[in-house]
Every structure is written in C-alpha cells, then in structure tokens.
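The two complexes that follow have subunit A in common; it is paired with subunit B in the first and with subunit C in the second.
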Partner chain A sequence: MPERKFAIQKPALTPFNVVAGIIVVIGVAITGIRFTQGLAATTNLSDYNPWGIWIGFDLLVGVALAAGGYVTSAACYLFGLKRFHSAVRPAILTGFLGYALVVLALHYDVGRPWRLPYPFIVQSGTTSLLFEVAACVALYLTVLFIEFTPAALEWLGLKRARRIVNKLTLVLTIFGVVLSTLHQSSLGALFLIAPSKLHPLWYSPYLALYFFVSSIVAGLSMVIFESTLSHRYFHDKMDTEHLQEADGVALGFGKAAAFVLAGYFVMKVIGLAQTNAWSYLSTGYGLWFLVELLGFVLLPCYAYAIGVREKNLKVIRWTAAWTVLGIVVNRFNVGLIAFNWHLPSSERYFPHWMEIGISVFVVTLGVLAYRFIVTHMPILYAHPDYDKH
Partner chain B sequence: MTHTINTLHDFMVRTEGITYILIVVALVGFVVFWRFLTERDEDGERLGADRPDENPH
Partner chain C sequence: MSISRRTFLGWLGAAGAGTSLGRSAHAAGTANFTGYPDSLGVLFDATRCIGCRKCEEACNRVNELPAPAKPFSDLAVLDRKRRTDAKTYMVINRYDNIPGAKGPVYRKIQCNHCLEPACASACFVRAFAKNSNGAVTYDESVCVGCRYCMIACPFEIPTYEYDRAFTPRIMKCTFCQPRLLKGQLPGCVEICPAEALTFGRRRHLLKIARERIGLFPARYIDHIYGETEMGGTTWLTISGVPFRELGMREDLGTTSAPELTKGALSVVPIVAGLWPVLLTGIYAISQRKDRIAREEKAAAVDEAVTRARAEAKAKLAEALAKADKDKKAAIDKEVKKALADAAKAKVQETAAASAAAPEKKSS
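Let's turn to the complex of A and B:
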C-alpha cells in the first residue's frame, strides 16, 4: 500500500480528539478518586445494590457485544464461509478490545487489582459460576490476544512468529467458541441464584440459554455495526477485498441474525409459558418487557428479514444498530431495572455520575485503541508481504 | 356451594399444554420464516454456500 506513505497528516486538534481528551482527563481523575477513596465516594452502590452499571453495562454489555470475535471466526474457519474472511480481523480486534476493557472495568468494581488471580489460587470451589466466568474470561482474553497477534506481528515485521501463530488459527477458533459458549451463558446463569430479586418476567430457568443465544445476535449485529462505522471513518484504510466483501458480510450476517433472533423470540415466549408469568404482562413491568420483546427482538428480526429479502443494506445496517441497543436494554433490564424490583423507589439504584463517567471513559479508551490499531496495523487491509490465512 | 380444588397436576397440565402448543406453532413458524427469508436468494447466496472457487471440497 505505497500510497499510504504519502497520506496527508490530519490536524491533532479535531473535535473528536478534543472530546476524547476531555473524557480521558476526567476518567483519570475519577480513577484516582475511586482507588484512593473507595466505592462510597464514586458510586451509589449499597448492600441492596452491590452491582451497578460497572457490572450491568461494562461487563454484561461489554462481553455480549464482544461476541463478534467468536461468531465471525467460527463462521469463517469452522463453517468454511471464507467469503466472510475480511470481517474476521476487525471482529477479533473488537472482541479483544472489548474483553480487555471488561477486565479493566472489573477492576473499578472489585478494587484491589493485585487480587485478580485470586479465583485461580484462593477460592472456595470450582462449582461457583463466578469462578467459571473468571476462568473463561481470562482464558478467552488470552485466546483473543493470540488471535489478534498476526496483525501486530505483520506490523512489526516478525514473519517467523506470525507463521507460528497462523498455524494455531483453527485450534484457537475452537477454544474461542467453547470458552464463549461457557461464559456467555454463565453470565446469565449468575442471576439464577436470585429468583426472588429478579422480576418473574425476566427470571427464567433458561437465563443461561438466553444470554448465550442473544450473544450470537449481539456478535452478528456488532460486526455489521462496526463495519458500517469503519466504512465511514476508515474507508481509506480498506483494500479492495474489504470493500467488495462488506456488502456480502452485511447480507449474510443479517440473514443469520434474523433467524437467530426468531429462535430467541420463541425461546423467550416459551420461557414465559414455562414460568407461567403471563399475568405480569398487564403491569408496568409487563409493558416494559413487551417493549423489549417486541421492539428489540421481534422488530429487528422482521427488519433484518426484510433487509435481506430486499437486499437493502441501509435497512440491515440500521437494524444492526437497533439490535445492539436492544442488547444493551436487555442486559440493563436483567442486571439493573428488573433486579430488586420489589424494593421501594427510595432503595432503588441509580448510578452516580462518576460511575457513568468511568463507563464513558472505558468506551472512549476502546474507541481510541481501535482507531490507533486500525490506522497502524493491517486490520482493514491485507498486508502485501503476507499470504491470507 | 362447591369449590373447585386445582391440584399441582392441573397446573402442570395447563402450563405444559400451553408450552407444547407454542412449540408446535414455533416449529411450523420457523419453516415459514426460513422460506420468507430465503425465497428471493439466488442459488449461490444460500447460507452455507461459498464462492465456488474458494471451497472446492
């Protein structure tokens, strides 16, 4: 890509850079307060509400939206759908950054970063779901890091190391799918321990299944959404393969998302029948549940189907953004809104502005890291010195 | 005055009965939805199909 060498340098003080810089400065300041003065100074967490948005958003939403890595690599390397190959590296990068930021955000909630390895060396039993989540996230983050390294190694010119890592592609993909299946579902299973706290419309013995299946939808939608943004902001970094395959990726992933969403919708309705929670549908919570189920599951399912039938990429891309929002709504509902639903409003949780500040800070770090990597490493184009793997 | 006493079995039959009906509707619905989703596809576009030159096996 010789033309890249002569690219005109953009000014450093763009509106994006200024806003990102302000967010980072505020985030660093809040980080200082959090780790010197504790949770009470920076959060509205309490004994009733020990999990706030650092878990409900940063962890639950972060892990779900990072599912594009295993979904795309499984489609390409396990199911042999090589026409999605150009989507693998951006999806792996998004997944890797997503999980890395999940672990970073977890530090804010848990505190004492030096205790991060405790689940492996000091713990009361391997039957704990939290142990399973910790083990899988740690292992999967390692897998994603290794899956991401070919791009970094090509950038660094380390051909031998890149060749060795490439040979691990299939094994890593299988590991990724297995580990993701385990911990995506376990995050939902965490709430099985609290049947009296989670509203009956959201509580279900199938919670683990809901989280896993919705993570597939999240992964598919996130790849389309992220690809749309990349096309808009990093169009000049893309080679012809990425540009040519992008529409096919959106159509193929949109079709898969439509069908998986249909299955997810059916599972949710059957879950409703199994817990016999129909009577709650006529309450305020029931209305909000229907907004989630019809507005963020059935509607995108139909919209994806229409987009695929009509080959309307605009509809598919807007639907992907809507579905990503739907995943956020679902995780917020399970983790925050429908949790402790029986408590009086005075005892309910609403995040402190510093909690929101840290979440925005973490997302901004992710965007900045993504931008740095995409502009420096062969993510959206194939490096001319290396074969495709 | 007579009272109807519902047993656990009665509740289970009702709940499971509704679930079984929903499952049958869903299974038929999946087939209809899949046809709706793919009926305008050309042969090379079916999910699972790849470009002919890329996956000869």
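Let's turn to the complex of A and C:
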C-alpha cells in the first residue's frame, strides 16, 4: 500500500523512542566496556559458571523463540496450509532477526569473537555438539536471510532477483526444517555431556528431543504472541488478507500448540520414569520442576484447547504469552538454575547488571529492526505489484 | 590342479580385502577405547600427603605462572577450600574433622587427564588434544573462547582468563607436557618430599595402588579413584577416607563423555537424510490433495453446467413447443375468427343484398 507512505509523520519523541534510545545508549556504552576491558569487567561469570545469561537467555531462549520461521513456513509451504500464508512473512522476519541477534550476542559472550568462523575455516571439532549448533545456526541464518529477501527485493523493486528467490522457496523451507530440527535439538544435547552438573529432574537422555519439541511450541506461540502485538501497533500496515486470516492463524496455531504441548507433557513424564527421578519431586527443586511441568506445560495445553474449542481469541493470546514465558523458564532452568545445582550458593551465578543490560539492548535492537522493516517493506501486506508466493 | 599366477594373486587380493573389511567392521561395531596402552599417569596417595604446598610452588615455577598474593610457605591458605583458577594449575586442599581420620587429610586437585577427555570431546575447534603419552593439552591458537570445555569437564578443572580483553585463554594443567617430552618429571611429582605422588605408566600405577590397598586394607578405602570415573583418568587417587570427604564426586559414573553424546550426534545423518524425503513427500501429498480437490471441483462444475445446460435446453424446447402450440392455437383462433367474421359478413352481405333487391326493384 504505497499511498500510506504519505501518511502524516509521527512525532519522533514518543515514549517508546525515548526508552529505546536510552537502552541503546547504555548498550553501546557496555559494549565499549566489554570489548576493551574483557568479560571480567562486565559479567559475573566464573570458573564454576562459564555460561551466564548471554548463553542461557540470548542463545537458548533466543533460538527457541525464533522457531516461528521454520514452523510457519513448513505449515504453509510443505503441509499446504495456505490459509496461514499471511503469517509466513512476519514469522520469517522474526526468525531472521532472532538468529541474527543470537549471533550478535555470541560475539559478546565468547572470549575471541573474531575467531567465531574458526570451526569452519581453521579446524573442526566434529565430535562436539556445539559444532553442530554452530554449523546449523550459521547455515540457517543464511537460509532465513534468503527467505526474507523477497520482501526486501520487492521494497527495492528488484523483480528479477525476487523471481529467482521465489523459485527456491520449497528447497529453502525443507533445508530450514532440517537445520532447525538439528540445532534446536542439539542445544538441549549440549548438556548431555554434563550429567554430574545438571539436576536429575532436568537431565535426561531425551534432552535433545525436549528442546526440539518445545521449540515447535515456542514457534507456534511466538507467532500468535507477535501477531497480537503487531495488531496493536501496526494495524494500519495490514492488508485485508492479513486481517482476514489473522484469527484463523491464532486458532489454527493454538490448536497445534495444544496438541504438541500434550505430546511434550507425556514425553516429560516418560522421561521422569526413564531416569527414575521421581524421588526428587519432593524436594525444593522438585517443586520448581512441577511448577514448570504443570504450570507452563499442562496449563497452557489445557488453556489452548479450551480457547480453540470456545473460539476465544483472548484466551489463546494470553496463553501464547504464558507459553512463551514457559519456554524462557525451561531454558533458564536447564542452562542456569538447575545447572550447577550441586554447588554451594556462594558459588552460584547471578547475572551482572551489565549482562542484563546487553540482553535488553539486543532485544531492543530486534524490536527496532522489526519496526523499521514492517513500516518500510511488504511484511504485513502483499505488495500489489507481485503475485503471492 | 594348477593355479595360474594371476588367479593366485587375485585370491590373495580378495582375501586381503576381506580381512581388512572384516576388521574395520568389527572395530566400528564393538570399539572400546580404554586409553593409550603406554599412557603415563600419576598416582596421588592422600594418606601420604602432608600439605606442604611444595607441589603448588613447583607447578607455579615450571609453568611460569604469576606469583600468588600469599607465599607458598603460608599454610593458612589451606584454611579455605580452593579450586584451580586462571593463575593456578593445581591446588592442595585440607579437609578437617573427617570421621575416622586421625588428623587433617589433604587432597591435590589438578587436571586428571582423562582417557577420553570431556573437554576434547566438547571442543568445536579441537583445541584440546589427548596425546598418546596421556597428557591432555590445549592449543590457544585456535580457541574461540566458548568455554564449553568448562561446562563439560566433570572435575571442574579448566579455567578462563576472564580479565584479559583480547587474548583470554583456557588455563589448565598440561601434565607438564613440555617437560615430559624432554624426559623430565612433572614439576609437582619431582618436588614432592613425601612421595605422595608416584609417576609411571598408568597400568603400573593401577598395580601399585592395588598392592598398597591389598597390603594395608585398614588404611585405604578399597577404590582407586580415576580407574573408571568418567571412563577412566590417567591421574589416580587413593585415600584412607571416603572420597566424598575430600570433595571428590562419587556420582560421576563410568560413562565417558563421548559415550554420553554419541547418541545425539548419531541423529544428524538420520535427520539430514530422512527429513528431506519425508518433507518432500508431505509436500507432494499436500500438492496432490490440492490438485485432486481442484480437479474434483472442476468436474463438479462441469457436470453442473452440463446439467444446467440440458435443463435449459429442455425448458427452451418445451417453451418453444408451447409457444408453437400457442401460436397455432392463436392462428387457429384467428382463422376461426376470421372465418366466423367472414361468414358473418357474408350473412350480413346476403341479408343486405336481399334487403336491397326489393328496394332496387321498388325504385
């Protein structure tokens, strides 16, 4: 809708812009400290706790919540659910931004970020699950970038290039699902090597499966959650197709999420039996585990099911937000809270404020990039000059 | 029977290929790596250690590590439990008030140089190497600094130079590999005045440890720590008190790190091979369903149109027939009317004529 470009200019100093601006300024300042003074000056990492929230949140949560891209494109292009077509572009965009920011955040976390390509160009440690994660994330970021380009190419008016990329849709989608299956699962499998450090309630030979299945839930819920926010802030950017399909997307994805959550719940219970970790349920960690399992898996499963049956979009949208929070809780548990549970509290990790600052900064960059792109490129509407793809 | 040279050589080749194939298949199926056969190691006997910290001092010196805040002669340092850090490859800790022990017991902490090291298995740039002499060494020139080795190590040995902004390294005991290669003993072993450290081939050390436990069963716990822990280590410990009293994990299990992750890694070819096939299949099915739905719709539309046409035709024909009939009827009626009119007119004419005739006659 090109005519919208001529809408009245909004004032620059909105409360959102002011807050975002402050966060960006602080983020840039911490970035300066991090890359001149090192990790010790900006983090609470220690020899016992080599991974903090830059891994627990930025990597584990970031990758899980960026799963909407592969889930939506698979639903639309592979499973033939064309009625979700209008949800594909926003989901691909968030996926792309999510992965780009994960990679950006990793530059803060690793000691020598300029060596991040080393596993591919200098020496490969193929016995490492981290190698699998690195390889798949690098490739998938490329796939997402190509999948995102049609919107940018339409914006730039490069019709020929856009036609070529469109022909790749099927191959890219399949490749994306393969790569996502591999690295979503291997993020969980990273912890398989440390059975003595991760609490028995969370340590399971099924960790890889748990991470993969919960990433589907994360992807589905994120699409609903994001679309809720987009409807509030970018309603004027949406075309009739998007507006007409939006409720159907929420209902369809909510239904899928209810089923996947039910499967995930069963797998978690079987996992408890497999490692015979029942006796831990009566401890403090057990209580927290039950909060996660009942409060953030079973409850949203029910809530989604009821929301879908009653066609109550309000319930579905709140459940989506709750489920996203549940994914954060789960990744924090595995990466930070239940990890190193054997250590005395004096040796446990709590993030430095600058670590939190960088995480907030990275998320803010994502929101700003999303806003810029949806206000300039055909994401929430189809470009009138092009066919559907 | 005579065999040509060519045939004989052919058989030989086939036999050779057969045996080599058989061997590799066997190796893949039941591989059980139990460490390099002549691996070196060190046995630490906690019943002999007097906690003098000489080994710490020697370690610091031979590895050219920064000088500590307090001198090595200061034994008050032992009042606190310490661990390895970026400036210390090894530490001695003192454990007091252990039930059954007469006095304090000391324990040496350093890299155990696992037979199948978790750090090496976890490293995605192969910065760690398990050398055939037993030492696990680290190559800083490729290290990215992801610190996954620190997550992976069950003994919590690798440490990181968090305070270096540009060239942070993983720091850990090297088994004094440079000294070993020169034929020298590790620094700590060389200096130990109490013979608490015994250097040798790992298999000999296991024998020595068993002999000591066998000769003095009351003095030792009947376990060699490191013989099987996490698949086995080249540095071994024997003690007179339970190992957990010395802060050593007794719940590590005997599974080596590569064993823990190989299942997850084996999923890669399954997903990479099977997913594209399955997903293309799903795509093809959904396309086919769409196509069939489209065709069925088209057929239904066709049929409906044909039927409608036929009906319309029939209706038209009927209407035409009716129109025809009506027309005929109308014509008939008109004709009849005309005839009637004509007849009437004729009658009137005749009547008029007959009336006029007398008039004519009369005029």
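As a convention for this text, the second predicted complex is superposed on the first by the 384 of 389 C-alpha atoms of A that agree within 3 Å, B and C clash if a C-alpha of one lies under 4 Å from a C-alpha of the other, contacts with A are read in each partner's own complex, and residues count from 1 in each chain.
By definition in this document, a contact is a pair of C-beta atoms (placed from the backbone, for glycine too) under 8 Å apart; a residue touches a chain by one contact, two chains touch by 3 or more.
Values in this document were obtained by computation on a predicted structure and should not be read as measured data.
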Which of subunit B and subunit C A:R115 touches, first, second, both or neither: second
Could you tell me if A:G80 is touching subunit B, subunit C, both of them or neither one (first, second, both, neither)? both
After superposition on the shared chain, which partner residues are touched by A:N276: those of subunit B (first), subunit C (second), both, or neither? first
So, does A:I316 touch the first partner subunit B, the second partner subunit C, both, or neither? neither
Look at A:G252 in the shared chain and tell me whether it touches subunit B only, subunit C only, both, or neither; answer first, second, both or neither. first
Touch test for A:I379: subunit B only (first), subunit C only (second), both, or neither? neither
Name the contact category of A:A303: first (subunit B only), second (subunit C only), both, or neither. neither
Of subunit B and subunit C, the partner touching more residues of subunit A is C
For A:A262, using the defined touch cut-off, is the partner it touches subunit B, subunit C, both, or neither? Pick first, second, both or neither. first
Which residues form the common part of the subunit A surface touched by subunit B and by subunit C? 79-80
Note which residues of subunit A are touching subunit B in the complex, please. 79-83, 251-252, 255-256, 258-259, 262-263, 266, 269-270, 273-274, 276, 305, 308-309, 311
So in the complex, which bits of subunit B are touching subunit A? 11, 14-15, 18-19, 22-23, 26, 29-30, 33-34, 36-40, 45, 47-48, 50-51, 54-55
Can you list the subunit C residues touching subunit A in their complex? 83-86, 118, 120-127, 142-148, 150-152, 154, 156, 158-169, 249, 251-253, 255, 257-258, 260-261, 263-265, 267-268, 271-272, 275-276, 279-280, 282-283, 286-287, 289-290
Note which residues of subunit A are touching subunit C in the complex, please. 35-41, 43, 45-48, 50-51, 74, 77-80, 109-113, 115-116, 118-119, 122-125, 127-132, 134, 170, 173-175, 177-178, 181-182, 185-186, 189-197, 205, 207-208, 342
